Every structure is written in structure tokens, then in C-alpha cells.
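Below are structures written as C-alpha cells.
Presented sequentially are two complexes of chain A, the first with chain B as partner and the second with chain C.
Let's look at the complex of A and B:
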């Protein structure tokens, strides 16, 4: 995983949702471990879009369970997989 | 059924709690400041406001804080203060016998401005946060308070601009009389924004001539008054029935003897003396008191030409020169939806401290107010019954009677 993406996402999670940096590990579950709910998930998407300058399909959030999933989502948004 | 106040909380332009606010009133301080950044707004002539000092909201969990605008934050802190004083920080206030009644003039003007600015710039809702709406919905203040304190019970959100919180208290008193509830947590809040100043400025009701002398602005009953100064804040009171207090062992601070609200239905912005009189008479009748029983009138008097004159003439007609009168708007500015509760709290403090807070900036009483006993210096006086007036756009009039414990 691109460490620049990890840093950007972690910074957003820390600043936007007040999550202590030590809790920001790839295996952390958004709901159970980081305390984010459905409203936070929507706002996370908005923050990510603003930060990345790219649109992310809201439906993709349905499959995001961990912080690691968010890293992957961001990476795929920035560098869409080639066919 | 007797109803008592058992807890009070406030954030005002003079302090972050009821104690510091009252100290500021006794010291005759002003919370009004000049806002040079408002000079850039086309058509806005009043550049004065009375902000609340920075406060600590971090004790409220992020999950509750994220949907709060400034008005909800202040209302939450005021509610926590009131519940703390009433010793109701345990589970007992979460009950189907408790009712929260709170409101604001509108949803958060700061959020409304930001929301629509982005909406127009982007041609749609792209980039809007999910929590924005919770800051602008009409019941944003009580809903956020409930969320912050984990409240489970009945909730109402009346909104009547500058009479919002006084109406909340009177409505609470009425509903407690029905026996349906034991306890009401009543109040209101508003946040400072240039839009609030402009609403009054556009109808020539906001102060324009004191932009360079903010401490002299807001001059209720004075001949040089030129309009009100908007402020912000929150005021919250816990009101409980006598039986409820006896059952749980609470400590009453003062009695809410009665109150009334009455709409004149004649003009949106011009107050009606006839309706003011009717409201005060109704409040007195509900309290079972005569005009001669009232020891002090806390006037709404915001420093506008017409409103102050109408209220002064009405008070003179009803009470003559026998009853001392003052307004707190010269100190606090006009906190709109919060002012009724804040002034009710100050009235309780005046009763308990046996002192009347004078009207700040009342240097030369207007000729139309000379028939009143206007309090211009701090005056020691035992107060058994206080009448507190609040009036609002839309022909709204409220009068509330607060009495000393007997």
C-alpha cells in the first residue's frame, strides 16, 4: 500500500473524526473499533472526495469495513485498475 | 399546581454561566463589540454584536457534537449547567414525565449561509456533509441537546423569535398544570451572525449610530436610542411541580407563578400596546396577582424607538410610577430566542439577591418613558413578584411572573 495514501487517509480520520492516531491501523474496523456510524461513513466519503478531488461512488462504501478497505478504495480511485 | 425553578444555566455575552452573567450585570458591564468585518456587507449599517466568549464544548462526545451549530452547543452547555444545579444528572430526568421545550429563531444562520453558498457554487448538493441539515432543522437546538445528554422523553420545539424561550417557559408552566408532566426543561438559544443584525437593520430597528462607540450602544428607554444590538447565547431553566420536588428532595430557587402569550395579529414588526397590556393582564390573572403585587418589571425594551415607547406607555397605563422597571438589553444585547430565559434567570437572581439591575446606557430617559420608575442605578429592594416581558416579530407577546419562595 502506498504510504502517502495511508498518511492522507489517517490524517483525515484523525482530524475529521478525532480518532487517536495510534488506533489508525489497517485492520481497525470502522464501526466496532473506530466508532464510526452511517453518518460518519457518508461524511468520510465527502471528505475523501474533497481531499482527493475525485468522485467516489457511494455504493462502494457498502463494501468498506476496515480502515484498510478505505486505503484500497482511495488507491483504486486515484489509480483505477487497468483492464 | 405550584411550579418551581430548580436549575438554571446560561451562556451570555457577559459570561459562560449564570453566576458570571449576573456579576457582569451587577458591575454594569456591556458585552457589545464592534464587528469591523461586517462593514463589507452591502446594505448593512449596524456593525455591532454581543458575542459569547470562547467556551469548551469538548466534554460533549463527538457523536453528539458533529451535528451541533454554535446555538446547539451553547444550549447543551446551558442545559448541563441547569441539570447540575437541579441535581438531575442521574437517570431521573429521562422519563415520560419530563418534557424538554426549547427553540431558536431559525436553524443555524452560519450553517445556512455555508450550505446555500456551496449549493449555488456547485449547482447542487455535491460535497454537503450529512450532518449539515441537523444544524439547520427547526428543532435543531432541543434535538441536539437531547442527543448530548442521552435524553429519553417528550420534546417540543416552539419557535417565536425573540419570545421563543419565554414562551417555552410559559408553555411548560401550562403543561405542568395539566398534570401530564412533572418536570420541564425550558429554554432557547441563538447564535450571532450578521444576518440577524441585518434582519433588524432593514426595518430600521438595529443600532447604527454607535458603531464607533459599542459600549454606548443598546440604550433602552434613552432618548438617543437608535435600535437594538443583536447578541447570542442560551438560557435554560428546569421547572418542576411542587410534588415532584418534594418526592425527590429537590431545592426550589423561585416559583413560576404564571404567564401568558398573546398574538396581536396586526403587524409583523410594529408592537401593539393593546396586546402588550392584554398579555400582562392575562399573566397577572393566571398568577392570581394584582398590578400592585408586582415589585419589579423586567422589560423587554431592546432599545428600539417604537418598541420601547409602546412598552413604556403600556407599563405606565397598567402600573403607573409605582413599579420599578429596567431592561437588561443595554448590557447583554438582544439574544433573540435566548433572551426570555436569560432574563428569567436574572430575575430569579435579582429576587434572591434583593437587588434590581439598572438599565445600562439610560443617560437621558425619553420623554415618553418619564411616567415610569426607571431604575438607573443598582437598587436594593426585596422582590416578592417580578413580571418579565418579551415581545417578538409576528405580533408575539409574552409575560411571565416569577415569585420569591414563601
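Let's look at the complex of A and C:
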């Protein structure tokens, strides 16, 4: 995993949702461990797009479970598909 | 006349109105594939914005709620409704039926009301009036018609129209059986047009009697009852709807423009008879698809953007207009130097229900 992406996502989660940085680990579950509710998904989508300057498939964000899943989603969004 | 206070959208062009405008105005086509055989849902009457952490598969209700909340977030950022008596109208047609088709055998199943209630709950709107409008492809414009009635009656201070549509196997196969889908891309008003492409969208619009820089100056709905699906080729119902507006001519028309033979023939015939070649005609469905019950809301938002930005967008897949058509179209290579101040939006629906609305510059 690209550490720059991890840092950017963690920065957003810390600033946007006031989650302590020590809790921001890849295995953290968004709901149980980080205390995010389903409406936060909408905020996260918009924040991520603003921060990354890139379009994210909203549908995919509906199915992430852990912070690690978010890292993967962002990495795949920022990495052009190879042919 | 009612003011368009604010709006937001989530379409295949992306989240937000800016993404929608950029996609349509730069000629992008957002063709999307849809599920054709199965629908991985369990019908649930408590829609959730999302299913973190995967508690259950997401239903059409969940997905529409998610996209409605994305749209609401954008619309709400520009307006304060805290002191208003608010009415909420959900406009949608066939999308939610996928949940029913694949999971329930009860014809009494009401899929719309739970979504409307969930939207109000998540958006934290204590609505004094709520209604679902499901009027085929005119659902959005019919909802605006109702919003105008509520506001004129003084029953509410603001109305939130939430429009959303989903495409699943049932909807897809239904349009396929009607031979309404294009084999390639939709080319509205061209000689080569062979059908429409479907799309998904959510849009939220907020209306009030307050002054605004863009307003709905009129909205009219007419039903001809010609057939279960097809509109009458005469287009008389569309003509009656336009005449009922009784407004000055538009300088731009955002046509329904699906790209089917019949739809485009009706629109060309009636628009030419009403306005000649004076207004330029364009449309959005070649880009983001035909979003059925949500399409009118998307086009009203785009109409507001054309007025605010003082420019138009083209029919990006249409190289040349069908030679038998007589109206004036913005095709792929047209000059878009239109400076719209009055935009007509049309929606033609199954069962011969037709609706039009006029969006124009407001006082402030």
C-alpha cells in the first residue's frame, strides 16, 4: 500500500471526523471501531473527492468495511487501469 | 411562479452538479452496464444510506437513499430551512420495483413511502407534508407541479423535491422488450437514432416563494391515455401542455430527446409548430442516459446552469439532424453561443403523459 495514500486518508479521517490518529489502522472497522455511521459515508465520499481531486464511485464506498478497504478504494481510484 | 432555491445531484457523470455540467458540456458519454439476470437484495423496509460494515446486501432503496443523500448534502449547503414549514415530494418510477420483483410476491408492497420517510429522517426534515409522485418519466415535472400548488396554497414555505431512479434487470428487460434500447449510443434527433440508453440519477431541488436568480415560471401536465406505453404520434398532449403554460417563447429547449424514433418525431413536430426555428433544442440523455423518473429533475438543474452560465450544451452524439426534422438543434459541431434566459424542459412518459416546465431568470 502506498504510504502517501494512507497518510492522506488518515489525515482526512482525523480532520473530518475527529478520529484520534492512533485509532487509524488498516484493520479498524468503520462502524464498530471508528464510530462512523452510515451518513458519514456521504461526507466521506465528498471529502475524499475534494481532497483527491478525483471522482470516486459512490457505489463502491457503500460496501467498504474497514479503513484498509478505504485505502484500497482510493489507491485504485488514483491508479489508472493497466491494459 | 416559484423560486429554485438550491439543488444537488448524483449522476453517472459523478457526484455534484459541477460534475454533471462538466460531463454534459464537454460531450462525454457515461454509458453504464446494468445487471441483467439477478438482483442481490433482501427487501427491507428500513432503507439505509449504506451497509457498513456489510450488514446486508444493499437494495434499490438503500442505493437510492445513498445518492439522494449525496444530492441533499449539496443542496442543503446553500440554504437554511430551519424556520420553514417544509414539504417533501419523492419522484421516482420503476427503479424501486426491482426490490419487489426479486424478493416479494405481495402486490400490496409499497416501496416508495419507506424511502420517502427514510430520506426525511436522514435529512433531518420534520416535514409538514409528504407525498410520493410516480408518474412514469414525468415524475419529476409532476412533482414540481405539486410543489407549486403547495407553495401557492401557502401550505408550506419550502418544498424539497427528491428524485431518484435505479436500473435493474426488470427495468432493463422491459425496455428491451419494447425495442426501445439503442444497440450503440443514443443519437437523439439524428437519422441514425435507434433507441435510448438508460441511466441512473438522484437529484434534490428546493423550491420556495422567495426571490431567486432562477425560477419556475410555469409547469403543466397533460394526459392523453393513448396507449399503455406509446404516446400518440400526433403529439397533441404535448401541445396541450405547452399551450397550458401560456408563457413567452423559450430561447432554449431541453428536450426529452430519448433517441427513439417516436419520441423525437413528436417533439420535433410540436416544437416546430409552436416555436418554428427560434429556440435552439438540446438534451442530456445522450450523455447520462435516460434516468426515467429523475430525468426531469436533472434537466431542470441543467436548465438553471445554462441560465447561470449563459451558455448551452450540445447533443454530443448527434452529427447531423434527421433531414425530415425542421426545428433548430445544437448538434455536436454547433455553436453553443446561446445566452438562455428562458428554458423549456419537456418530459414524455409512458401512457401518454406529457409535462413541460419553464425555467427562467428571476428577479435576484
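We adopt the following convention: the second predicted complex is superposed on the first by the 80 of 83 C-alpha atoms of A that agree within 3 Å, B and C clash if a C-alpha of one lies under 4 Å from a C-alpha of the other, contacts with A are read in each partner's own complex, and residues count from 1 in each chain.
We adopt the following convention: a residue touches a chain if its C-beta (ideal position, glycine included) is under 8 Å from a C-beta of that chain, and two chains touch if they have at least 3 such contacts.
The shown structure was predicted, so the numbers you read here are calculated from the model rather than taken from an experiment.
Peer 1: Should A:62 be classified as contacting the first partner (chain B), the second (chain C), both, or neither?
Peer 2: The answer is second: A:62 touches chain C but not chain B.
Peer 1: Given the touch rule stated above, what does A:17 touch, chain B (first), chain C (second), both, or neither?
Peer 2: first
Peer 1: If you stack the two complexes on chain A, which partner ends up touching A:49: first (chain B), second (chain C), both, or neither?
Peer 2: both
Peer 1: Between chain B (first) and chain C (second), which, if any, makes contact with A:39: first, second, both or neither?
Peer 2: both
Peer 1: Is it chain B or chain C that touches the larger share of residues in chain A?
Peer 2: C
Peer 1: Please identify the positions on chain A that touch both chain B and chain C, taking each partner from its own complex.
Peer 2: Common interface on chain A, chain B vs chain C: 39, 42-43, 46, 49.
Peer 1: Contact residues on chain B for chain A in the complex?
Peer 2: 62-63, 66-67, 127-131
Peer 1: Under the stated contact criterion, what part of chain C meets chain A in this complex?
Peer 2: So the residues of chain C in touch with chain A come to 10, 14-16, 19, 48-54, 58, 62-63, 66-67, 69-70, 73, 122.
Peer 1: Hey, which residues of chain A end up touching chain B in the complex?
Peer 2: These residues of chain A touch chain B: 17-18, 35, 37, 39-40, 42-43, 46, 49-50.
Peer 1: Going by the contact rule at the top, pick out the chain A residues touching chain C in the complex.
Peer 2: Residues in contact with chain C: 29-32, 36, 38-39, 41-43, 45-46, 49, 55-56, 58-59, 61-66.
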